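Below are structures written as structure tokens.
Here chain A shows up in two complexes: once beside chain B, once beside chain C.
The block that comes next holds the complex of A and B.
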């Protein structure tokens, strides 16, 4: 029993790490640009399929390095062409546009790579269990946790210690003033969008190694990412991180005792958080 | 006077088209259930627009209440009483209760945060319908039931086999709902909603209890969306878990935007265009998702005011 619970907590932590990576990217874009990026799950899928296409040429490690960057570049282009005209307009339009984009991406990947689940091979030595007792601890899973941790640390260092990060954080609070101070806000938004998409692409490569590769891989992860943002509190990136991990673990633990509620439980958590603390666990008061 | 006159002409044209639709629809390549679907989707989109266009609150989760209405009606007719009106009543009540409770949770939020929470909450009911297979049929949807003829005692309407009769049955509820919404919007309460849309802060300073008004508007909107959901289940003799999903919510918002959010009849026109397009594209190609997605992108970029918005702007110029 302990083993089963431990297994599910660990599993939940990994799923939570995916949610958190997705949600951090969503949050970055939402905070600076005011756009809810519905296509975020689509970009996750694109990252995964790019990696799939690259593996025969550059191997797993090369794909892990290159695929998210390519995805981010694609995201930057799409931001430049489609999303930039919508800044400053009713948030409704950004939602509708990225919603359509999500459809196009899902259908496009299905057209190119087919609807079936594709095998996505991770290096052999990583997929064997490390210990007979704890069968779920494969090298790949530990590696994922480590990589997500590193990615999150790097992200926070970039945001808190570099000029770019400072501008992003300042822009989140008051974009107009940042613009008046001589920062090119257009480029800032594009870079920020690309950064968010990079995280989605990275999550995509990792998720494909664990869940297998199919066109709906991102669609299933996007809703929990919204919940992660709401639970953690809008406008707070550490909150988003905690929110993602929290709902991942909650969902994992629930699947031990009441498997059919493992999806619904995160929405119940969201309801409770909204009831007690409408701005989310770490949200700033009065911002939204 | 001129505008007033124009409004009457517009209303007259719309009602004559709706009343005569089953008579000529087959001549232009349509079929009666397609017309019924337009009516139902139009009711849902107009109900959403009550909140979106007239209160200025963006909900991206209305499919939840649409689907609750559908499942409420279907489950009642299948398991409890094989009576169409009873099923509709239960579906409506389920939708209203859920909307009232969730409304209380989210009413203090605004703008994009509100939209996001409505999206997320919409998914709860989807997962319930999806996971509770032995009752709801899970992913396959709720089938094995059908709408029942209406027995008024002195007179029986066979809405099950006569598609035209069912069309007029739906039109009856559509007309009542639209009349109620129009009356509410003309009332002082409706004017207050417009004030909230235009400037929430100023409305608050005038002493309007904003949260309560938004909650009421949300509830009215969800009520008519649930009603549309019950009718949709009756139309198909089937309740689909995808009726509850976020893609359906997006479709409703699209219909409202496509027709024109700032006009009362806009969502009807948007719904008609969207339903016909969807029907046509999905019969032509298996890649209909890309087409619909592309359509979304193009409308947002090139036609954000919607059809009626553009017409009205021409007139002003």
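The block that comes next holds the complex of A and C.
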């Protein structure tokens, strides 16, 4: 039993890392632009479908590299045309727009690629367990963790060590002052939105390797990402990361004892966090 | 400085509201209506057009649409044209399915209700149609109770019962692959009754159930269940899912290498799922309820060609056949009895044999009188990574007769009560 729990803790960390990747993108956009991006799951699906379309031409690795970038570019265009006019208005506008966008993306992918599940293959060596003793270590899951780790490190380096990152962080705290200091806030928001969507696209390619690729692939994954943000604390990217890992572990461990509650447990956890520490584990007091 | 520079604050409440709304998004969806103009004889389909069973529901709808086209070409029902009205029940919300059934019956005045991929919905809709006195043919909900303990005078079923499926597979699994079984089961009526069926067989043969995991419908990550299954060290791991759940489960089982260490099998498998799997995950022994590649069975080629035209060139699956056979069944019996009276038609369907051009199977296919269950053929076989042609992903090892694997009516718990 101890071994089973331990396996599920480690496995939960792996799945949590995946939730965190998606939640970080959501969080980036929410923090700087104040947009609750309902269409994030849709962008995840687009990333996966782009990869599926690219694999015959550039292989899995090429698709992994290109598909998230294409998704980010598409996200940038949508931000420029549809979302930018809504900045400064009540957040409800952005929420409604992205809500509609989620449906449009879902039906759009259904129209282009069909409603059926598509066979998305990953390289053969990933489709095997790596260790007979540590059963949860499969090639694909290890690859996912490695990629998420690299993506998170790069993201935090960009945010903490580059001029762009500093501007994004400063803008998160006080966008008005950043603007007064001469930073083009419009471009900053577009780049930040693209960065968030890039993470969604990357999560999409990873998800398609593990799940069936069909138009609602992102819908099932977006709720845990919202929960990760709330548990971790609004406004805190490290909090979002921890939130993702926590809900992954909670879900995994619950499935050992009470499988039917393995999905409900993350919402119970969110409720508890809201009751005890309403700003989330790492959220700043008074900010949200 | 322009006004749009400053963000309006997004509060925790707003994010929570957003979360609630996105949750709602998964259970609500715009309803689908395919009205074809004036409606002398209306058939209503209340099925899963969105969510995990979307593809299965849509394929049943396509089969039904083909039947409607053919029926209309041949003069309709009682000389009147037929139209199909479709309503989306979603994949998991039985309340929506019931609400849509009421709408079809009370507002649209349909003569026949066709439903549903989801077993729980089929049971609930059966109650509604029985009270309303409307004919009801269940296309794709397999749980035993539909033609068992919860059977109704007006409800007939095309697809097999879960017990027929498990009975057809059990002996083969037990004799060929071993007597220790582990179940990974979706946590709702369909999964429960499949597992009960296998458990009954296991008991009969003297085997052992080494464990079982219930997975919520729509599970995306199966790893914790797979970890438990391998820890139990069974001879056979039995997957009892359908739709997207089956795809996710098998894809991840292969990544965990379970197929190398244990035998993978189950009851019902569908072409939709095998099509959605990468070749290395097309594994295991299963039962198909209908298969498109039956070179020696009359009329199958014509049906395959007709569906290909509607389905972007793709072959029909069992779901297409369910919708097709159900719709044709109603037209045939109504034209034979020259009435739409539900009681007369229900009586007429008891023992009714489908003609070869609708049955599309080698043996006699008929509705059993005592429980209104269709007795078709079942196709036992195994999944193949690559077939003779790209869509030939299942190898049929054996065809069995439904009547040989169905429990007798006396054991189904069905006691049909006819209205006065």
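Everything below uses one rule, namely that the second predicted complex is superposed on the first by the 276 of 288 C-alpha atoms of A that agree within 3 Å, B and C clash if a C-alpha of one lies under 4 Å from a C-alpha of the other, contacts with A are read in each partner's own complex, and residues count from 1 in each chain.
The working rule: a contact is a pair of C-beta atoms (placed from the backbone, for glycine too) under 8 Å apart; a residue touches a chain by one contact, two chains touch by 3 or more.
Keep in mind the model is a prediction, meaning the values are calculated, not measured.
Considered on the superposed chain A, chain B and chain C are sterically incompatible, since they clash. Of the two partner chains placed around the shared chain by superposition, chain C is the only one that A:211 touches, whereas chain B remains out of contact.
By the touch criterion stated above, A:77 is placed in contact with neither chain B nor chain C. Once chain A of one complex is fitted onto chain A of the other, the partner contacts of A:252 are limited to chain C, with no touch recorded for chain B. In the superposed model, A:221 lies in contact with chain C only, and not with chain B.
Using the contact criterion defined above for the overlaid structures, shared-chain residue A:275 touches chain B, although it does not reach chain C. Set against each other, chain B and chain C differ in how many residues of chain A they touch, and the higher count belongs to C. Legend: residue contacts after superposition of the two complexes on their common chain; A:120 is shown touching chain C, with no touch to chain B. In the superposed pair of complexes, A:187 makes contact with neither chain B nor chain C.
In the superposed model, A:157 lies in contact with neither chain B nor chain C. By the touch criterion defined above, A:95 lies against chain B and chain C together after alignment on the C-alpha atoms of chain A.
In the superposition on the C-alpha atoms of chain A, the part of chain A touched by chain B in one complex and by chain C in the other spans residues 30, 34, 36, 38, 85, 89-92, 95, 99, 102, 223, 226-227, 229-230, 234, 260, 263, 274, 278, 288. Residues 1-12, 14-16, 18-19, 21-23, 25-26, 50-51, 54-55, 58, 187, 213-216, 218-221, 223-225, 227-228, 230-231, 244, 247-248, 251-252, 254-257, 272-273, 275-280, 312, 314 of chain C are the ones that touch chain A when the two sit in their complex. Within the complex formed with chain B, the chain A residues making contact are 30, 34, 36, 38, 82, 85-86, 89-93, 95-97, 99-104, 106-108, 111, 223, 226-227, 229-230, 234, 260-261, 263-264, 267-268, 270-271, 274-275, 278, 288.
Taken together, the chain A residues at the contact with chain C in this complex read 3-4, 7-8, 11-12, 14-15, 30, 32-34, 36, 38, 84-85, 87-92, 95, 99, 102, 114-122, 124, 126-129, 135-136, 138-141, 175-176, 179-180, 185, 210-214, 216, 219-223, 226-227, 229-230, 234, 251-252, 255-256, 259-260, 262-263, 274, 278-280, 288.
Those residues of chain B lying in contact with chain A across their complex are 52, 58, 60, 102, 105-106, 108-113, 115-117, 119-121, 123-124, 127-128, 131-132, 246-247, 250, 253-254, 257, 287, 289-290, 292-297, 299-301, 304.
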